[in-house]
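Structure record follows, encoded as structure tokens.
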Amino acid sequence: MPPAHPFDFDAWNPDLGDDKLHEECGVFGVNGVSDAANFVALGLHALQHRGQEAGGIVSYDPESGFNSARRFGYVRDNFTKQSLMETLPGALAIGHVRYSTAGSKGATQIRDVQPFFGEFSMGGAAIAHNGNITNADALRRELIERGSIFQSSSDSECIIHLMARSLQRKVPERMMDALRRVEGAFSIVAMTRTKLIGVRDPLGVRPLVIGKIGDEGWVLSSETCALDIIGAEYLRDVEPGEMVVIEDGELTSLHPFMPAAPRFCIFEHVYFSRPDSIIGGRSVYETRRQIGVELAREAPVDADLVCPVPDSGTPAAIGYAHESGIPYGMGIIRNQYMGRTFIEPTEQIRNMGVRLKLNVNRALIEGKRVILVDDSVVRGTTSRKIKEMILDAGAAEVHFRIASPPTSWPCFYGVDTPQREKLLAATMSEDEMREHLAIDSLKFISLDGLYRAVGEAQGRDVKCPQYCDACFSGDYPVAPSDMIEKGFELKAAE
Amino acid sequence: MPPAHPFDFDAWNPDLGDDKLHEECGVFGVNGVSDAANFVALGLHALQHRGQEAGGIVSYDPESGFNSARRFGYVRDNFTKQSLMETLPGALAIGHVRYSTAGSKGATQIRDVQPFFGEFSMGGAAIAHNGNITNADALRRELIERGSIFQSSSDSECIIHLMARSLQRKVPERMMDALRRVEGAFSIVAMTRTKLIGVRDPLGVRPLVIGKIGDEGWVLSSETCALDIIGAEYLRDVEPGEMVVIEDGELTSLHPFMPAAPRFCIFEHVYFSRPDSIIGGRSVYETRRQIGVELAREAPVDADLVCPVPDSGTPAAIGYAHESGIPYGMGIIRNQYMGRTFIEPTEQIRNMGVRLKLNVNRALIEGKRVILVDDSVVRGTTSRKIKEMILDAGAAEVHFRIASPPTSWPCFYGVDTPQREKLLAATMSEDEMREHLAIDSLKFISLDGLYRAVGEAQGRDVKCPQYCDACFSGDYPVAPSDMIEKGFELKAAE
Amino acid sequence: MPPAHPFDFDAWNPDLGDDKLHEECGVFGVNGVSDAANFVALGLHALQHRGQEAGGIVSYDPESGFNSARRFGYVRDNFTKQSLMETLPGALAIGHVRYSTAGSKGATQIRDVQPFFGEFSMGGAAIAHNGNITNADALRRELIERGSIFQSSSDSECIIHLMARSLQRKVPERMMDALRRVEGAFSIVAMTRTKLIGVRDPLGVRPLVIGKIGDEGWVLSSETCALDIIGAEYLRDVEPGEMVVIEDGELTSLHPFMPAAPRFCIFEHVYFSRPDSIIGGRSVYETRRQIGVELAREAPVDADLVCPVPDSGTPAAIGYAHESGIPYGMGIIRNQYMGRTFIEPTEQIRNMGVRLKLNVNRALIEGKRVILVDDSVVRGTTSRKIKEMILDAGAAEVHFRIASPPTSWPCFYGVDTPQREKLLAATMSEDEMREHLAIDSLKFISLDGLYRAVGEAQGRDVKCPQYCDACFSGDYPVAPSDMIEKGFELKAAE
Amino acid sequence: MPPAHPFDFDAWNPDLGDDKLHEECGVFGVNGVSDAANFVALGLHALQHRGQEAGGIVSYDPESGFNSARRFGYVRDNFTKQSLMETLPGALAIGHVRYSTAGSKGATQIRDVQPFFGEFSMGGAAIAHNGNITNADALRRELIERGSIFQSSSDSECIIHLMARSLQRKVPERMMDALRRVEGAFSIVAMTRTKLIGVRDPLGVRPLVIGKIGDEGWVLSSETCALDIIGAEYLRDVEPGEMVVIEDGELTSLHPFMPAAPRFCIFEHVYFSRPDSIIGGRSVYETRRQIGVELAREAPVDADLVCPVPDSGTPAAIGYAHESGIPYGMGIIRNQYMGRTFIEPTEQIRNMGVRLKLNVNRALIEGKRVILVDDSVVRGTTSRKIKEMILDAGAAEVHFRIASPPTSWPCFYGVDTPQREKLLAATMSEDEMREHLAIDSLKFISLDGLYRAVGEAQGRDVKCPQYCDACFSGDYPVAPSDMIEKGFELKAAE
């Protein structure tokens, strides 16, 4: 049973036809640069696509100690203000952006916003966590029985309590102690008074990269695009299972976990990460373009126009158009002034859904056979509405090409997915989906095609897959023990 | 001398490297549909690109009379709320979005936000104005001497005072009286208790279109994209010099002005309008794509990649790539979470400029000869920064292709342009600009090429130009009399 | 017919059992002191009892011209902020506090908040008005027909429009022109770029005093208590019918109106003014104490305790106790943290009424025969509730002594009074009221007793009353012409 | 060493000449009445004088579980809103108001606002604490070493952590366990899903009373005035050392502590409590009036006027005037629209101090020999300013009579006192103080006189004082162990 928590209800955020999977977090940290919190703010702004609901920054300054600010809303609306940033002095800071778990009334309170801070007997530490702990419920129960008091509904808080109870003296050792008890996916950026710490789980499910800035400065970031904004140089990824401790301008690398074969999240390439980021040494944009190329080879169709579903379908559409020789065009136009949250919306706004965000470029579409390239199909609700808009505008035929395999399993490693029965691909075959969407054709890229696009020329290694692709394959690299306890059924062995 | 006005100072909006010309307004009106204000709100949301600073809606309901709400900020943050929209009942409503005149401290107060409302002896009327009155200073002086009291610093307020003093009994006649005294550009949407009124100046400089919704409903809008969002059907444009009066489900067309040869603003095609709009019967997207085609013909260059400067350069880049056969790619990535206004920004934010908004897709650019396609060059400040980012990312060559001729004259018809001496093209030749920007090549489309792209196969008719192109040519179709009085020098006759 | 006006609806202010007449405004102005707006803010804070809904300040500074800020809420919550006050530079400033007309939905918008500002052909002027214009409807109709556009629902705006249309060149002359057309009560503080102007109507119904501050500074204020807070010295009252123009450190006195016998509002002494103010040379506190003395003589009763209804009944209770020899005690305690406005209150809050504000000192009251001294009875609703609270607490007897005669006529000179039929004394005799309130005795001071307390040893001069006492006597010194047109019936001649 | 804590800085609250000791909290709880939170809100409004900075309410409802809202600002500005109160359903609720510790930068965050909530292994509980724990630092150190993570800087949080670690199963038993480890003063209102719990420390330093409402409802409150506002009946005080558990309409009384002689805070009678409250069976008003009587006997002086320093000096002034026969009058008038907090105040506002709040009734004071009756002298800063104002207004003589003995020792039991060296009476004799204040005479009531006023006819029992009077006597009934560790020196034995 999840613990009941008091909440402060602030605003209701309708689900406006947003039919995507969402990364739940982005993390960023800087050590060795004065006014580090300003750099963290810029980094978080560049990582905003990983979480739009709230953000937080903790900094440390010898004079004023640890300081923290956590706010709902975009980084740019909060952490750009002189008056707020002045309260976050010092050369060491970390930050976090967070995605809202859509639909759960009153789900998020400011106390759920990271970084979390704990005062230990040897001094304080703050941590920011990207990922999800799959045995958090069990850990929480155990900790509460031993007298820990939780302040948030966040799984990540377990880590702080485990650290508080460690018998080790130093924070890095306490953190190792804590993380050895934790199952699931985690890319963590943490700090003490002097140290900036980065860790990835043994499988390396979520990304975390290391950058250098100036002579003395170090940066940790979920993605490389956030290094670019502050002019930092990309050094390398934190390796799966590695802990890096950065202090006095030096980086120390530790490997506190049992070694394992890496399983990086393949969906980071498909959708989550920004196209200008480089992950695991590969350009996200190029991978997506290559998915479009593979799709054109696997699923060609005779048509007049290749049109991306903005904005995430664009690189794959460019690849598809290039490979197929069919002209590329912007058949759907996105409203630049759209956001996610509406406070107290009218009935009409609730019903508008995707039309608030997208409009068809009627003059281009009319009379054409259109190939729409989208990154994924989750519930299928948006796909239906887009199809209707395209047909209303006079398209002759509508063909969907999807830059990922059918999403038929939920993610338990830090992505907000609907329950399995809400996933269209969990209940329908490709053909049934085509019929359900009432379109002329529908093709998903194959799992092997996707692996080829990420550079695995031989496709997926069935015995030992190179990536975590559980959302497509149902092959979970870490058993989701809390969910199993709640009744989730794993895929039957084949 | 413009009158001094008291102001309420609210926030300081730095100019964050935004180096574009800006349309100052969008207008929208609905008659004959219950909860008309809701439709106006959606229409204004679709027109938000024409003005982001503030918006207003006036509605009329027989029971509660005229109601009004005016707010700073995006439409979506204000006019989507149940509690606000409930205060705007009725089947007749008009609205306005407004662009901020950047940089002038305390320029805009809520009293400057339209629609304006006046209580006349025969009843009230509200008007929303897109455009600019070029003899507003003279009119204002005269009106003040006769006892009118101005409440705003907006030129548009003259129209209301001229209407109040008209000896005609009915509002449409009063409006004709008033507009005959007005010089400049205007597309107006106005309302009385029963009538929705639309007017365009004799030259038709700014757009205004007519739509139908349902059996009885009529819509007036700056652009067709706002008809699409509410599911209205595009009927036709309000003609230059036409006044349409819509009452009891019927439209009456009047022509109160001396006929003149139309001079629609060609920059609406180049930049202001949304690509999914149709203006004067032409698709904006297709025109922009065709500009790219013309550019590729006029100014070819050997290169590896055609890359748009997001987002406005995209259609022209697609056209250029298609015509030239050089691959199209997203070499610059836009941050989706960027807005225009920062409250009390830190020094660092002020200095970031375009980096807050754009990042280079390093993996794609590196080592390539890149053609950057942008819509225009105004001050040149952004072009310089983009060039630097592209070179920092390792591009081998940088070529700019600009989808408009050099912008060398200010606009006085409703566009916010810098003073002439701030326009790069007003002080430098194309070659000097290339040198100033330190790039490998720079080419603007020719004025004739631009005219061909908007469908004038013979190019520009020098004796009687088909469009207003004063910003490129210095050929002002209406003498800017206030500005001349203040010392502005027209182009010398050639 | 009152004009329909668009409105912005902000908050609903329930009438929480507030059963008093309310002064509608306070005015204040300073000339010849740097940062004059700061002094105005302090003065308005001291005058806050004259109007709590909103306040405004206009200042003039040669460099930045006229500046203005108008805000809803208390002076102390707005005009104490550094960032706001910095926008109001200069050595000349005026201000206004305004009372909300309770109960009329959406009645007040920021545009109704004074000072009003007008740009005339010879320069700008701002005015702040305390009082009420009794022919405002007729003036407004006439002005609208001649092309004036009203921006507020305030009667005071007529003055600005009349000034704008005056053929005089200078602002003081324009103001005289305008005020000669105006009927009713007015104490006005106005300003141009160099002049501070004060005027009182010929009867001098509302107060206005002159103070000196430092060597060069002059002050105009509704009451002397606002001179005290800024350390200014009380010089004299502006005389009825006088206009003072203060410029370059010199005061010029003009008398633009036909002379008339003064009729100062006697209720200012009874309730409106602060007890520490001196009006017409008399201490308000001492007058109120003396009313208590007169009451004790006119209406003695055998009792154990004299108890004021806080806070306005206190001085009269002290006088009553002193004269009668019955002990004085605080039988009713006021909650210090009570305000007037509740945003979106719960049902329970709406029903609490006076209990939110007052509580009975049970230990003191129990078993006692209590004399409650209150300043007035308006609707009688509060008196009933207080009586119930006193009896619930165990009082043996309850006697009301009221420090004013029965209020049986509405005020049309700047006081917010209920319609006549809502005034308890308009429909009941003293005895019926006693019965209605179900108390042991009820006595109002006589009109002559009241005149004696304000120093008229012979009581009221029936032929030529020394004060305006229309609310008690129905004897209106200026015919309320707008109201008569709407059907208000004057008292029949006796 | 107190732990460093991250903070969110919101506003700066200048110390505007407020020269009083302040109670730090008020607590209130209701069980057995539907919409209990509404009653708690009203109770907290009545207790607002005990804490103005922030307030919080927790309620329990079987359907939605525990709900909580904590807000900065007055109860009336937050907990009267429909939308907020709807989030606090249920028939069981507790609440807390909190005083700000003036001057400590960023001292209070929303996380410091009570009630605190803890999720224990057997279910949740919320507690609200009035008082202060004198061994909190030691407890906090021990708890942190054992892995507890503190979320606030509040001493009260120790209680929750001690409860979380108790091996008892039920919340009341856990609370007993916890409180037996705690030293200092506490009056606690707590709740589980079904129980309302009240406890007072063995000495009963802070007040806590029991009330009944309706047939089934029970109330706990810091003072009886908060019972009055909701129409509850005062039953009795919770006894020193008693724990009451109220469940299913029944009250159970427990006595978990070692018995001790009670030491109720005598300053509650002098200043903290509201005059309409009854404490320990005595009327606060009557006690204060009696203090005035005693003062008149102990320290008579020939004068013309007895004048209270508003508002707390009023009852004693009434008593002094009655006993001495010298007339009572309101020589100082309080501005009703004054609050405590200014956001970003101008320099001038910071310097105004007491003049923003008080003004002299010049007409009454002039030429008189004035006795000013005040409740206490803390730093003496306000007394000086008041004296100046009185002399400026022309008083002939100024005599201070203080309704408490010299305050020369800090309180460690839940009152915000300055450091000892800031207390005027800690560094000066009565005569030195008179000279320092430059007044004609200064007299404090004697400690025995004060005891007589609270009903101890024999005065203070030196061997076993009937009250806690440490702030006057330096006789601390509980050793302030944290403070002693930090170097505080107890009074030397005499």
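As written, the chains take the letters A, B, C and D, and residue 1 is the first residue of each chain.
The definition used in the following text is that a contact is a pair of C-beta atoms (placed from the backbone, for glycine too) under 8 Å apart; a residue touches a chain by one contact, two chains touch by 3 or more.
Molecules present, by chain and UniProt name: A, B, C, D = Amidophosphoribosyltransferase.
It should be emphasised that the depicted structure is a prediction, and the values quoted were computed from it without experimental measurement.
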{"item": "Third chains touching both chain B and chain A", "value": "none"}
{"item": "Chain centre separation (chain A, chain C; CA means) in Å", "value": "62"}
{"item": "Chain centre separation (chain B, chain C; CA means) in Å", "value": "50"}
{"item": "CA centroid of chain C to CA centroid of chain D, Å", "value": "37"}
{"item": "Per-residue overlap in chain C, given as positions that touch at least 2 other chains", "value": "none"}
{"item": "Topology of the chain contact graph, where touching chains are joined (line, ring, star, complete, other)", "value": "ring"}
{"item": "Each pair of chains that touches, named by its two labels", "value": "A-B, A-D, B-C, C-D"}
{"item": "Residues of chain D touching chain A in the complex", "value": "3-9, 58, 65-70, 87, 106, 110-111, 117-121, 124, 126, 141, 144-151, 160-161, 164-165"}
{"item": "Residue ranges of chain A touching chain B (in the complex, touch as defined)", "value": "35, 38, 42, 45-46, 48-49, 52, 74-77, 80-83, 85, 225, 228-229, 274-276, 278, 283, 285-286, 289, 311, 314-315, 318, 322, 327-330, 333, 335-339, 342-349, 352, 355-356, 359-364"}
